[in-house]
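Since the structure comes first, as structure tokens, the remarks are kept for the end.
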Amino acid sequence: MALKSKEVGSFREAIADIPDGATIGFGGFAMPGVAFNLIKALLDQGAKRLTLVGNTTGGAQVPRMPDMGMLVENGQVAKVICAFTAATRPTDVLPFTKYYESGECDAELVPQGTLAERLRAAGAGIPAFYTPTAVGTELAQGRETRVFNGREYLLEHALPLDYAFIRARRSDTFGNLQFHRAQRNFNPVMATAARVTVVEVDEPVLPLGAIDPDQVHCSGIFVHRVVQVPPEPEGLWPTRRQERRR
Amino acid sequence: MALKSKEVGSFREAIADIPDGATIGFGGFAMPGVAFNLIKALLDQGAKRLTLVGNTTGGAQVPRMPDMGMLVENGQVAKVICAFTAATRPTDVLPFTKYYESGECDAELVPQGTLAERLRAAGAGIPAFYTPTAVGTELAQGRETRVFNGREYLLEHALPLDYAFIRARRSDTFGNLQFHRAQRNFNPVMATAARVTVVEVDEPVLPLGAIDPDQVHCSGIFVHRVVQVPPEPEGLWPTRRQERRR
Amino acid sequence: MSDAVKGLTRQQMADRMAFEFRDGWIVNLGVGIPTMCSNTDLGDVDFIYHSENGIIGYGPVAPVGEEDLNLVNAGGQNVTMKPGGSVVHHADSFAIIRGGHIDATVMGAYEVSMGGDFANWKLKGQKGGGIGGAMDLAACAKRVFIILEHVTRRNEPRLVEKCALPITARGVVTLISTNYGLFEPTGTGFLLREIAPGLTVDEIRATTGGVLTVADDLKPVKLAG
Amino acid sequence: MSDAVKGLTRQQMADRMAFEFRDGWIVNLGVGIPTMCSNTDLGDVDFIYHSENGIIGYGPVAPVGEEDLNLVNAGGQNVTMKPGGSVVHHADSFAIIRGGHIDATVMGAYEVSMGGDFANWKLKGQKGGGIGGAMDLAACAKRVFIILEHVTRRNEPRLVEKCALPITARGVVTLISTNYGLFEPTGTGFLLREIAPGLTVDEIRATTGGVLTVADDLKPVKLAG
């Protein structure tokens, strides 16, 4: 009785079944933890009318790596749910912005912590929760708030995913994951929220028992498919950050 | 610039400031992760009218180790918030039961997952959330429920603590903790919910940098005082489980 | 329960339930008879045991003298880890449960109703009770399997039209394994799908509350070996 | 901002805010000038930098060629870990923020009002914006410190009676460091507590929206070294 391996031979195979209209979560924050190779494969795979969930649509960093914005530019996206539809610096312009402003792609802007908590709630069977974030702002206009202990809170709902694309340092054949440093970010949370979690890993997939149970950052019960990232140039890896254009 | 050590020389000193009327959370599940030594010190310290929060009032296991029930028997407790006011097996009788039935001590019975989530919510700035657990049961009678996507959910509130008593395998001087196996249980969650978290640790307190940042199970930002457990018989340690009385 | 009790042994009741487990399932075993499911030989079927204290992928009880005193299952037994196991804290463990990630939970009960309600946390007239993780598991696992003796010591039915005791969850029970057979609550009755050796349908009907219906393809209870 | 701008340099604005940090604080630094607080020498004062992507206890930017490409702060810079650091995932990182565990957050802004509202996520007429973690930090940190240039390029005040831009949070700002001085929003005005070298109160009043009051013990801005 040994658990079957979840390792899949190629990025293409790992995402072949994604249908039009799917909701896909993208882990990662800046370079670390972004599933560049799975995003690239999705650009080729071509599924349409997708809803994308992630921190930012991307495109502010140089060099540009595969990001949600590229899927938008490729005509595959109906809506993006994220914490940035524009860049932090007003002088940066995200490629996404023109698609959003022209109405070619819809967006839902969500504070980053609320986004993380809505994903966690989806994985944790919590349909809704209250948060102090965004109370009194434009984002709360017309929405339900409630006072607890004299403070006003906003009602927020779970955000379930059909698929999650994440990146980890290592995995065993069951999909128990370890992340390195800032690679962790949204990734284990996205995994709990998704029906199908697809992981790209830096290192060769390990046999069962190779990872200390106390040091698993995301249990394999949340992971469905694992693909090892090949070395450059075939595989995509985080690059050194270059000065941003101003 | 070095972070100051949170190590404290004795259990007594670590809990000396607990006032009457405090709300204290007790980590642990069965033997693992219970702060036996801190509970023992609290029996001596004598604070009264306490509210205790933990999985069970205890006393079903042999040999009996310090538990919340002993604080009740010692006349220190106004109320217990827990998942068991009676044992799982009807043939076991918890010492707490007679204090509860006679009205000497109040209790609030909370499903275990709701208890864990209410503690997490307290630490996470979520004042309230909805859960499917206990809907349609006696525990939901007269309480607020709400339907999301066709299913009924119960509103539950955060449960903040004044103090948390927890046990870990190791700590560094900043209070970054690692737990061994089932020792983890409620412990890191209690720590986030408490104003003051007091930890008893199995091993000598480590210097800063001795624990890999990726492998910290509870960040030291949630930990305030750390005491090393001395060897037996001075210190109390989990014991082998004996057959329970039937 | 003595050997004098009719029908299946406790281990056989557990075995029958364990035969329902499918490849890749995450299974939570409650305290008591459900724990015995882990003794059943299921050949090549692959699954993971989850314990509500945060242990994912635990294995058999540790041999005496080799226990890790900080590794226990929900019943407080010193178990072992299987390769590929992992550990989470309590809030994450119940996130797994509430999030619908448990394929099957196996629990004991005092009573089960035709509508799939069951009661297992509070005795008659008791103040308070012992809920533990039962309400979370019952409300949220994909399948709720109940193992219980078919009748009380006074020979009263435990499969009842409506629960008299405070319920743990409403309308959730998928399948029931008793020493008399395998039953499915249908909403309007109990469907007897498999019958234990030595029992007759009439005998079972006489000791079952509510309506008993019998599967067209009624079989003997599937036994180990 | 060029050196031609009046008053403090960007680093001095950051330094002044950093002097507020106290022993044992957990501090979150936003992108831009706030990041420069980490350059300030605070002697024996002990604190922990938290970055919203889950890095607790990070240190200086890594030397070129020695970067860990999987270790970044909120601004995406390749930083280092200090001994005693730890890593959590995003939901836990914002649990730290929302749970009130951050002693001070330092952020940039377009505008701050007398009532302590501020705006930093959306420009005039923009569709959408860049919120990131700002709303969570603003609503939940124990202290919200704002660093911004005192006036816009058109010499219009950024300290205003009421924000014209969509706000990030209402009534939360504790302290404001600009190139003209150190200010406190009081609800009915801005209290000038420290004044930058080369500036006069009249000059500041002329370039500040709403009401400016002056501390009885008005001091020069505390500078490094």
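Per-chain residue numbering starts at 1, and chain names A, B, C and D are given in the order in which the chains are listed.
Quick note on the criterion: a contact is a pair of C-beta atoms (placed from the backbone, for glycine too) under 8 Å apart; a residue touches a chain by one contact, two chains touch by 3 or more.
All of these numbers come straight from a predicted model, not from anything done at the bench.
Of all chains, the one whose Cα centroid sits at the greatest distance from that of chain B is D. The distance from the centre of chain A to the centre of chain C, each centre being the mean of the chain's C-alpha atoms, comes to 37 Å.
Averaged Cα coordinates give chain A a centre that lies 34 Å from the centre of chain B. Averaged C-alpha coordinates put the centre of chain A at 28 Å from the centre of chain D.
Contacts with at least two other chains are made by residues 117, 120, 124-126, 131-132, 179-181, 184, 213-214, 217 of chain A. The multi-chain contact residues of chain D, meaning those touching 2 or more other chains, are 81, 87-88, 94-95, 97-98, 140.
If you draw each protein chain as a dot and join the dots that touch, the picture is not a line, a loop, a star, or fully joined; it has some other shape.
The list of touching chain pairs reads A-B, A-C, A-D, B-C, B-D.
Those residues of chain B whose C-beta lies close enough to touch chain D in the complex are 1-4, 120, 122-126, 172-174, 176, 192, 207-209, 211, 213-214, 216, 219-222.
Across the complex, chain A is touched by residues 23-24, 26, 42-46, 48, 50, 56-57, 81, 83-88, 94-101, 140 of chain C.
Partner chain B is touched in their complex by these residues of chain A: 117, 121, 124-132, 146, 148-149, 151, 153, 157, 178-181, 184, 213-215, 217. Of all the residues in chain B, the ones that touch chain C in their complex are 29-33, 55-56, 61, 83-90, 97, 100-101, 107, 109-114, 116-117, 119-120, 131-139, 169, 179-189, 217, 237-241.
Remark: chain C residues 31-32, 51-55, 67-72, 76-78, 81, 87-91, 93-95, 97-98, 122-123, 126-136, 139-140, 166-170 touch chain B in the complex.
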